[in-house]
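Here come two complexes built around chain A, the first alongside chain B, the second alongside chain C.
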Partner chain A sequence: MVELLDETPRVRSIVLDPPDWHGHLAGQHVDVRLTAEDGYQAQRSYSIASAPEDEHLVLTVERLDDGEVSPYLVDELRPGDELELRGPIGGYFVWEASTGGPLLLVAGGSGVVPFRSMLRHRAAVGSSAPARLLYSSRSLDEVIYRDELEHLGTDVRLTLTREQPDGWTGYGRRIDADLLAEVAWPPEERPLVYVCGPTAFVEVAASSLVALGHDAARIKTERFGATGGR
Partner chain B sequence: MSPISRGFRGRGRRDDVDPSRIPPGQYVTGDFPVLSAGPTPHTRLEDWTFAIRGAVDQPVSWTWDELRALPSETVTRDIHCVTKWSKLDTVWTGVSVDTLLADVETSAEHVTAWCDGGYTTNLPLEDVTGGRAWVAYGYDGEPLDPEHGGPARLLVPHLYFWKSAKWVRGLELREDDEPGFWETYGYHNYGDPWKEQRYAGD
Partner chain C sequence: MDALDGNAIAGLLVEVFGAEMTTATGVCGSCGTSGRVAELVVYLEAPGTVVRCRSCDSVLMVLVTARGVTCVDLQGLADLAP
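Let's look at the complex of A and B:
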């Protein structure tokens, strides 16, 4: 591990320099495995935040208070520590310049992480595919990559669902069909849509897009979390 | 040999769970996480059928009402997702695949489950027979939620849970083995959690 970057109070980016890394596609993830001194292990998957063209591999991790791996990665890990990785993994929720667009990315919370990889990749290769990011966050403080997002040459639309600063001119409501109708390209333009976020968020966003007439086969989803204690 | 993670003690250890029930690399959750590659399909029950086709003498299919009229079983099983969570003692109700195949003549050795939304997954025929697989429409005494694969999903609990295809609409019996959706995107072709067959090459 090379460097740790604070993104928000609960989110850090972990900059890695893995030996024998053979590259990845934007949108893929890695498995991280931790091993205690007595041999006990825990592993979880994390999206890759860096573009294939970037010098280092970056994971952006949100601390889940009842989690096991994320609190360690966010609070305990120090530069110079070794981290066991496996990957890259996943070949479906990926975007390459050759995939084309228009590219609509819909993020809830830390669901924005794989989209940073896609948008950096798009910028790095000079893709002309139009791209638009609709990003839902509870508050401005919790927006990950806030400064960087303004400089990626992408149309970024923020919606702050819980708390808006004074003078906020962006959206201030949860993502629903009305908001998606306002932000998305019309279905006739056949945007390629990626939705990533908590389960309930993805469910609403993807279902709304289908109801608006978007082709379900052009909507890719990635979810985290549960439906509750059932 | 894995490097020791300095300062990692493992707060997720459970002393209330029999370790012999947890495959390598898995952790136990009380939640029911949701994973799927696309939007949740919503097929009307009056349009829903379940079909067995492919390398069979005579394709068969059931309407929703016909499937529900078949003898059902309620089984309690542990399930294991390739994304590392396991959930113990889940209770499912559905029709055994043995019941569905009872009158089917075939020399096929492979099965592809196909689903609303375009998802597919491949399995050896012997893994969906012999009381090891169900078409499940009930979970915990309730109708199966759409997010979890309702109205009906395949249940093959001895393999990683991506083999338990959500929104299943039929089984295609095949002479050859055709990789399904995740199997073509780098996941293991068979997916035995006890051998930790997560990804191609494991």
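Let's look at the complex of A and C:
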């Protein structure tokens, strides 16, 4: 581990320099395994936040209070410590510039992590595919990569579902068919859609998109649970 | 317990099959629906990992790891092809 970066009060990015790392695709994840002194093991999946072109491998981890792995990663890990990783993993929820667009990314909470990888990849290779990110967060303080998202050359639409600051001009409601109809390209433009977030969020977003007339075959989903499993 | 999807067991499936399997196509033995493994319904702590059909909810795969050995039951699948 090279460095730890604060993203929000509960979320940190872990910058890693794994030996024998042969690269990854934007959207892939890694399994992190922790082994206690008594041999007890716990393993969780975390999306890769860095682009394939970045110097280091970055994982962004949300601290779950009753989690077995995330409190250690967020609070205990120090630069120079070693982690047991398996990956990169997954070939379905990935985007490469050659896949094209328009690219619609729909994130709930820390579901934004794989999209940072995709958007950094898009910027790094100079892809001309239009990209739009609809990102649902409880409050502005909990928006991950807030400053960076403004500088990735992407149309970012935030919706704050629980708390909006004074003078907030963005959306302030949960993602549903109405909001998706407003933000998404029309179905005739055949956007390629990725949805990542908690299970209930993904179900609502994906079924709303299909109801709006989007081709289910162009909607890819990834769900994660309260245990950080993904 | 949240129902996840096949992305959640990508690593486990690499361990079992020795290859990336989330883009493989599975065919439900009960209703015949075919879909990417990444799109199947996955319960991680059932105990063991249980994979169900997104259309009819039939059990397609059960994976149980004990003492470092993973037992795999694929009886619910009519087909599983890359």
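One rule holds in what follows: the second predicted complex is superposed on the first by the 225 of 230 C-alpha atoms of A that agree within 3 Å, B and C clash if a C-alpha of one lies under 4 Å from a C-alpha of the other, contacts with A are read in each partner's own complex, and residues count from 1 in each chain.
Operating definition for what follows: a residue touches a chain if its C-beta (ideal position, glycine included) is under 8 Å from a C-beta of that chain, and two chains touch if they have at least 3 such contacts.
Model, not experiment: these values are computed from the prediction.
When the two structures are aligned on the shared chain, A:V210 is found in touch with chain B, with no touch to chain C. Using the contact criterion defined above for the overlaid structures, shared-chain residue A:Y92 touches chain B and also reaches chain C. In the superposed pair of complexes, A:T35 makes contact with chain B only, with no contact to chain C. After overlaying the two complexes on the shared chain, residue contacts for A:S128 are found with neither chain B nor chain C. Taking chain B and chain C in turn and counting the residues of chain A each one touches, the greater count comes from B. By the touch criterion defined above, A:S139 reaches neither chain B nor chain C. Once chain A of one complex is fitted onto chain A of the other, the partner contacts of A:R223 extend to both chain B and chain C. Within chain A, the residues touched by chain B in the first complex and by chain C in the second are 43, 45, 86, 89-93, 199, 220-221, 223-227, 229-230. Chain A makes touch with chain B in their complex at residues 33-37, 40-45, 68, 71-72, 76, 78, 81-84, 86, 89-93, 199, 203, 206-207, 209-210, 216-217, 219-221, 223-230. Partner chain A is touched in their complex by these residues of chain C: 1-8, 10-11, 14, 20, 22-23, 36-39, 44-45. If you check the complex, the residues on chain B that touch chain A are 2-13, 25, 27, 29-41, 83-84, 117-118, 139-140, 145, 147-148, 181-182, 184-186, 199.
Those residues of chain A that touch chain C in the shared complex are 29, 31, 43, 45, 86-87, 89-93, 198-199, 220-227, 229-230.
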